Structures are given as C-alpha cells and as structure tokens.
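In the two assemblies presented below, chain A is common to both, partnered first by chain B and then by chain C.
Entry: the complex of A and B
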C-alpha cells in the first residue's frame, strides 16, 4: 500500500492537497449548497423553512410584490432593486474615495526616508488593533448632533458671535460613506505602498535623464507601475464594502439600508432565512460579476499576494 | 561643439554624511578634462568615487564644492533633464510597463517630437544596436544583452553631447561582456559622441578607452592612455591596482637624466639602468616595482642581471603558469606564458628547484614610497 503510494505521484498530490480540500468543502462548498437549497424554500408562518423548489424569493428580489394597492394582486416594487443599486453605488463611491485618499498617503510613505517608513506603516495599522464595531461607534461620537465635530464648530461660531445650528451628519448616506472609507483605507494603502516601494529609484532617475519633469515622471512611470497595487486594493476594498452591514447599521440608522442590512434583518428580525439566503446569493453573484469584469480589464493585481 | 572639453570637472568635492554621522569626501578635489569624441573611463574599486563623479555629470548629484562643466557651460544645480547628457544605468532602469519601442521613444516624447519623427529615429537607433524586430517586446522578454542594448539605444536616441555609462556590462557573463565591449567601442567611434564610462574592471577599461582615470579614495590617482597607465604607473597604488606587481623596498643611490641606480637592502645589491620618473630625489627611499610577465625565468645561468631564486609554488591557469619564487627571502612572482603544451608534468618547475630570474631593468619601475 505504502509502496504503491510512493510510486503514484498523482495520488501523492491529492493526499497532500486533501487538508485544504476538506477545509474548502466543509467551510465553503457545503454552506453554499445549503444556502442555495434554503433560498429555494418557503417560510412557514412561524419562521421555519419549508423545503421546496420555488423561485419566489428571487422573483420578489427583482421587484415582484403581492403587497399592492387595493384591487391588484401583484405589482412592481423596486424596493430591493433600489437596495442592491444603493449598495453597488456606495461600494463604488467608497472605493474611489479610498483610492484618492490612500494613494497620496502611500506615495508619501514610500518616498519617505527608509528609517521612517516602518513608523508610518505602523501608524496606518494601529487602528486595526481596535475592534471594527468600536471604530464605527467612534465615528458616531464624532458625527452626532452633540458630537465632537458639532461641538468644535459651535465653539468656533461662538468665537465670532455667529448663530450655529448643529449639523445633522449622523444617519445620512454621507456618514455611511465616511465610515466605509475610514474602515477600509488601510487595505488600500498597504498594497499601493508595496507596489510603489518596489519601483527602483533608478527608474525615476532614468525618467529625469530622458527629459521628464516631476509631473510627467509621475504620470508616465510612477502611476502605471503602481497600478497593480491599486487593483489589488480595489478588490480588497470593494468586496467587503458590498457586504458589510455594521457601518450602515450604526452610522446610517434606518435611513441607509444596504444588502448587508437586508440579509441580516431577514435572518434576525423578519425570521425569513429563505429570502435572506436568496439575497446573500444575489449579493455574491453581483460581486463576482463586478470583480470578474474588473480583473479582466486590469488583471488581478499581484500585490494582493504581498498584502 | 565649440568648447574645448566635452566635460570638465574643476576641483570637485562631494561630501556625504555616513550613517555614523561623519562627513566623508566621496569625491575629493577631482579635476578632469574629457575631450570631445573621447572614450574616457573612470576606473577604480567600489567606493572610489567614480560613480559619484558620473552622477554629478548627469545631474543626479550636485557637487559640494567645485563645478561641473558640460561643453564649456557651468552646470550648477541644473536638473538632469536640462543637460545634454544621457545615462545608461547599471541596472538598465528600463520601464517594464512599456515596450522596447515605447522605452526608446520616451525621451523623444518628452522633447515633444512628432510621431513620424519619433518613429524614424527609434527605427534608426534600433538598427544601430541590432534590435530591429524587437519593437513590440517588453523588457522582461529580452535577454540581458538585449536589455542592455535597449538601455544604450534609449540614451543614444536623444543624440546627447555626452553618453554616461555606469558599469553597463556588469550583469552580463564574460563572453557577452567582451563582445559588448567591442561593440560599444565601435559604436562610439562610428558616432563620434563622447563616452564617459565607469567600471571596476581594468581589462574592460583597457579594451575600450582612449584615456583612463584611475581613482581611489575619491581622488584621481593617474590619468592617461591605457599603455601609459600600465607601463608607467604614477604610484604604487596604480601599479598594484592595474595588473600585478612585485614590490621591493629600495633607496636611490644615484640619479641622472638617463638612469637611476637603486640599492635593494633585502638583496644587498644595486640595480642600475632603471628608468627615471619625475619627482624622484637622490637618496630617497623608494618602492621598486617589477611586473611578473616582464621577468624571465630559467633553470640555466644567464647574464649578470639575473638573480638566484628557489621555486616555492607553481599555479597553472591555462594561458599562463604563475611561478612563485623566493629570492633571498623576498617572494617574486613570475608569469610564464604557456606557449607549449603543459601535458608533460616535467614541463613545470618543481618546488624547491633552483632557478635564475632575469629582469630587463628598463622595465623595472621606481616609485615614490607611500
């Protein structure tokens, strides 16, 4: 038996891969299949799953509604499509803002004196030591009507004897955007930094030698060579922003509902795991489609491995 | 090209602060004049200041003191892109995200040349470095030698007054390096552009250069034609760094216009008929330098200029055999060319064998003691 295994290379390979394979099957494939099965089911009046094969949940997600004006048995209700669209645009906007903020910072760190770089990177990472939820609550303290920002603004207005009404910043789409950008900024800084740091100094010198000034060097050399970092960062930011519900829950209140919130509420409040499962799968498919087209255009961003 | 010199360094000093916080003169009062159309090499081991000097000509570094002139114009703090010089980097520094064509076109685009002009000039320079047909490849798809050619082409397409080359062949294997040396030299002669070349490889410098500046500790030790530097080294450092030498302590007994007579205490003998180099003083302690290939070795008694020695070791290296001998307590290395096959072990001297060493005294050098 052992002797035969020693000679059989492909069996050896399977055996060596088996721990990972078991892991993947147990923790990814089986749960996914279960979710799929549940999503085809129906909710019983007391919140259990009745297993069947019904596409009702998906039809409902795409706007079919039975809760209509008097006289109609069915109508179009874009509620869930709006939620999906809102999640998609928010993820897009957050990613763009994260890139705009992370790139200059990563550039600054990469061009800093080698001795200081680690200190700066350390500073980028420190917030990650605090729990995600606590960091979002911190933003609540900053943004609310009696929050730090309004206090400071009020104090400044007081100095100039100006009237001041506290700004309503919390529970707005803007607050959710700020929270998302803040939460995921480090995941963009690190891969961009990695790709910038890899650019050999002689390339900047070569560009200068060939007649490029600072701006041209940046546009023609630095930016293209750091694109793998931007791509990797985009994947690391876009996907989690699509699914997160904590930020919108805490900073958006009931005003900003995203797919993540929808799913969470179906499982915990509405007690409809079948509809929740369908929404989860749609979220996954949507993310996959966007990521697929994105990576096909820009590549996978080798920095993702480094980061 | 009206200026007398393509590049001139006048009393240039470059100070660096070491990590320990000390100030160090990487380039220490260097003055050199590089003529138009010359192939000029700066030769020295790492840390001798050759690369720093080159980088000051390119504009990547600015002198702490002194001034760099290009075509007679003081460069001051002009950035690299305002100097009519281009650099071939040791690492090639090719843009990996651009094709060969785009790499070479980069400098022309920065000048604002129009498309057809760029196309024409890139094509021409690609022909020159024999890379026609490689336009659309990325640097990673090329061999080391081809990448090197792209780097040269990218610099040459700008038609610089001076081409600066920083150990451009360092990454290539020996055979290819020797080939590229001859190619670069031919290219330089064909174009008539001034080349300033930095290397630590003396053979490379000898092969290509019209003139060499031997550098050490930030200073120019000697500047001159390769033959002059090898046959008439200015000091012990140059004699030791370029080629090999046997060194003996001596003292000048008498000095005339034609010859020097030096007493060698270790051998208790006087050597006459030595060439006189400027700056020597009668009675001065000197170092006598003898090139290993300029000593004849024989097991027979020859003329009066011969010294008796004992063989201590022989080393066969293919083209030559190095014979180490002991002459009255001093080790003298002799280089014998292997003109005949050495397959017969009897063709080598045996260890402990008595031999006679003959030196042509006009080939023995008298150097100032350091």
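Entry: the complex of A and C
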C-alpha cells in the first residue's frame, strides 16, 4: 500500500491536498450553498427562514418593491444600489490612497541598506500585533472633537493667536476612509516591497549607462517591474475593504452604511437572514466581477504568493 | 538532516497549536474552591462577599450567561464565583434584536439571557425559553410587586426582573442654549449633527410615533409609513448611533444631546452636572430588563443559584452603587438605606434613577407587535441606510 503510494505521484498530490480540500468544502463550499438556499427564502415575522424559491430578495436589492400596488408613489427605491455604489467607490478610493502612500515607503525600504531593511519591515508589521478593532478605536481617540489632533491644532493656532474651532472629523465618511487606508496599508507595502527588492541593480546601471535620468529610469524600469506587486496589493486591499463593516461602524458612527454593514444589520438588527444572504452573494459576485476584469488587464500579480 | 529539522519544527508547531486551542476552549474553573463557610471571601476590590442565603444545591461548575454590556457590578460577579466556586462565563450584546438573532440561530450554550420586556413574548412563542421553577427562586420575594406579573409574562413563568428604566433626552446645558422639552424638539435644525442616539429600533421609532400622536406599539402600516418619513429627518440630525456607551460621545464633547437610557444619563450627570436628563412632554419610554432561562440550559442549578444570590438585598444593592437604573428590589433598597445611606440617597434623590410618579404615569411601555415586527425592522434598516 505504502509502496504503491510512493510510486503514484497523482495519489500523492491528492493526499497532500486533502486536508485543505476538506477544510474548504466544510467551511467554504457548504456554507456558500446554504447561503444561496437561504437567499431564495422568505422571513417569517419572528425572523425565521421560510424556505421557498423566490427572487424577491434580489429584486428588492436592485431597488424594486415587490408589493408595489400598496399605494406607493414610486416603486423604484435605489437605497441598496446606493449602498453598493458607496462601497465600491470607497474601496476604489481607499485602494488608490493606499497605493500612493505605500509605494514611496516600499521604495524607500527596498533601496535602504540591506541591514536596515528588516528593521523597517518589522516596523511595518508591528501594528498588526494589535487587534484590528483596537486600532480602529485608537483612531477615535485621535479624531474626536477634543481628540489629540484637534488639541495639537488648537495649540499651534494658539501660538500664532489664531482663532480655532475644532474640526469635525470623527463620524464622517472621511474618517472611514482614513481608517480603511490605515488598516490595509501593510498589505500593499509588503508585495510592492517584494517586487522592488527583486529588481536587479545592474538594470539601474544599464539605464544610467544609456543616458536615462532618474525620472526616466523610474518610469521605464522601476515602475513596470514593480507592477506585479501593485497588482497583488490591490487585490489584497480592494476585496477586504469592500466587505469590512467594523471601520464604518466605529469611525462612521453607524451612519456611513456600506454593504458589510447592510449584511450585518440584516442578520442582527432586522432579523432577515434571507435578505442578508442575498446581499452577501451580490457582494461576492460584484467583487468577483471587478477582480476578474482587473486581473484580465493586469494579471494576477505573482507577488500575491509571496505576500 | 535539514529535512528532519523542518519536520521536527512542524511537529512542535502543531503540538503547540493543539495545546493552545485546547486551552482556549477549555473551561477550567479558575474561581477558588468553596470552603463551605469559615473565613470571609473578599473580592479584588476589597468588597466582602455576603454568604448566600439560602445556599442552593449546585453540582455544575460553570454558568454561561448572555447579557447586556456594562450592566453588572464587578463585585457581584466576583462574589458569585467566590461563594459558589462556579466559573461565570459572560458574553455581551448591545441590542435585543442582536441577542434574539444569535439565540434563534441556535448552537449557543447559554443558560441565561437578559431580554427587555417586549422581546420576552417573542422568545416564549419561539420556544426558546425554559419555564422557571419558583420553588428554586426563594429570593423572588425581594422584588417589589409592581415589577412582577406584568403583561409580557403573566405570573413570571419565564422571567425575573433585573433592572428597569426610561429612555429620554440628555442635554449638555453648558453648550445647548434652548433645552429641548419634548421628543418633537429634537427635530429642530439647531441640533443638527449634535445628537447621539442608542441604536434601539423600538425606542427611537417609538419616540417618533409619539411626536405624530400615535401609539408606540402601533401596527397600522400607514402610521408606520408616516413615522418612517418623519424618522428620516431625525436621523439627519443624529451624528452617531451607539448603544455600548453613548455617554462617551457626550462626555468627550462630540455631541451635546442624546437619546439614552437612565444609567448613561446618570453617569454623564455625575461626570458633569451640566448634563440634564429631560423627560419629554410626550412621555418617556419605559422598559424593564429580565433574566430568562434558555431551553437547553445545561447548568440550570447554577442558574438558579445565580438568580437567588443576585436577588439578595445585600448583593443586589451593588447595582444601586455601580449601575444606576431604577431598582425593583425592595430588599436591596432597604439594605442600602440602612447600611449605605450615601449610595441610597444618591439614588433616591435623583430624578434620573427615581423618576417622579407623574413621569411614570406619562410613560409608554414597548410591547411585542407580532407580525408588524417586520415593518419596524425594515423602517430601522432603511432609514438608517438612507444617508
């Protein structure tokens, strides 16, 4: 038996993959199928799922009322489409900001003395030792009306005898953006760093020999060669931002509603798991579509493996 | 050789992971063992625990409770563990809807939960609850009669009261010039972006219904539709929804007004007397939180021991000291009056914790609305998602 296994390469592969496979089936595939089944159901007044085959939840998600003859003036209410759109634009904006902040830093680390690189990378990773939620709460302390940032600004204004009214930063969409950018920054720095670090130094020398200045070298050599890192980082940042609800809950004061919040509320506030399931699936499909077109254009970014 | 090393490390990692997982899930009772009397038991804060009276027969070594956030005196929890040697595992929630959703999804191992009055009938209807054995609740006699045998659970077959209170308006009189006197006042444009509200659908929709002159428990879809449009205007004035600790945003100066519970207003007022609790002219919302036993409670004996110990006057007075809500326990009030006069007078003299009779008479209790629950749930999610 063992001997036969030793010779059979494909059986070996199956055996090696089986723990992960079981894990994926049990914790991903089966729950996904259950979610799909529930999403076609209806809720009872007490919040139970009545299993049926109805597309009502999806119709509602796209803004059309299913009981239109109940005397409403308009049957179309784009509430949920607005929430989807808001999440999409926030995820896009966060990703752009993260790239703009992460790229120079990754470049700096990659070009630093090899002895110091590890220290810098270590410093990038240290915040991850603290719980995600606690880090979001820390931003609350910074952003509130009488928080650290306003205190410092007030102090500076005081030095120049300028009038100062504290800035309203907490519980705004801007605060949510700041929180998202902060939380997901390391996931962009690391892949970009990996691809920058791999660039052979002789390429820079060749570029210099051929008369390229600093800007030209960056645009023609560094940037194209580091694109796989940017692509990988984008995937690692964009997808979680689409689904996160903690940041908007805490920094948005539960007033900035994203798809993640919508889903969470359907399960916990509105007791409608059927609509929540439909919204989860739509979120997944939407993310898949965006990622599909993105990766078709830019590739998958092999650094995703390294990161 | 190298490969062997890798295998060795992998083995160590796996073993470590297994050990850590086992520790995380395990329930080793960390509370000291019961010594059966003798020396007094003292909590880490220096509070001497009263002996249980009567001491219940308990074989369980743990108790799992699912309760509201920021609602239990630490000394009360510690003392129960000390006198009974039972490990008390506590999980928290911040809305009835959240609690109900988690329990009805099944798969939980809680013995006791702590629903507000209106959600009790729903839990009974859904068969989530276990009928209480009154023979095992000797200290139920300490609860004042006005808090027992209420409409949501006649005869207290399923529930025993914990604390009660009101939902009303808290105002920072230092920063707000025109102090609102009614729920309707909160709609004024001058309060835009200055309000914190508890994330409690029935309370906030209830207040909105009151401004329209409707009943807080209406099931008329037309009235609710009207309330939804009205509520959308209020939501634009609200800066933040927070049920965990709405007082924080008030005390930190992020907002100047709040729709809050009794205890939050009391603490804000203690922190800064400028915070006044206003009972709106339409009447505040009245509520009562209760302990219920869950259907599959595995530690019923420990649950009865907790309920009995907690309801002792010399234990329950701690809630008057630490979590200032309206207290249903006559023995605890009596105990505080004789032994802790300062704590008692802070409670009894405050119109926040001890509302005047006319306020109570003017108040509105939230009730289960059956089929109309769907309408309330939809209003809440849609209005809050609208901006």
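As a working rule, the second predicted complex is superposed on the first by the 283 of 307 C-alpha atoms of A that agree within 3 Å, B and C clash if a C-alpha of one lies under 4 Å from a C-alpha of the other, contacts with A are read in each partner's own complex, and residues count from 1 in each chain.
The working rule: a residue touches a chain if its C-beta (ideal position, glycine included) is under 8 Å from a C-beta of that chain, and two chains touch if they have at least 3 such contacts.
Computed from a predicted structure; not experimentally measured.
In the superposed model, A:220 makes contact with chain B only, not with chain C. In the superposition on chain A, A:120 makes contact with neither chain B nor chain C. When the two structures are aligned on the shared chain, A:206 is found in touch with chain B, with no touch to chain C.
Judged by the number of chain A residues each one touches, C leads among chain B and chain C. Touching chain B in their complex are the following residues of chain A: 200, 202-203, 205-213, 216, 220-221, 224-225.
Across the complex, chain C is touched by residues 43, 45-48, 70, 79-80, 83, 144-147, 168, 170-171, 253-255, 257, 261-262, 265-273 of chain A.
Across the complex, chain C meets chain A through its residues 95, 97-98, 100-102, 104-105, 122, 125-126, 193, 199, 201, 221, 235, 238-242, 252-254, 370-374, 377-378, 380-382, 384-387. The touching residues of chain B, when paired with chain A in their complex, are 58-60, 79-81, 86-87, 89-91, 93-97, 106-107, 110-111, 154-155, 158.
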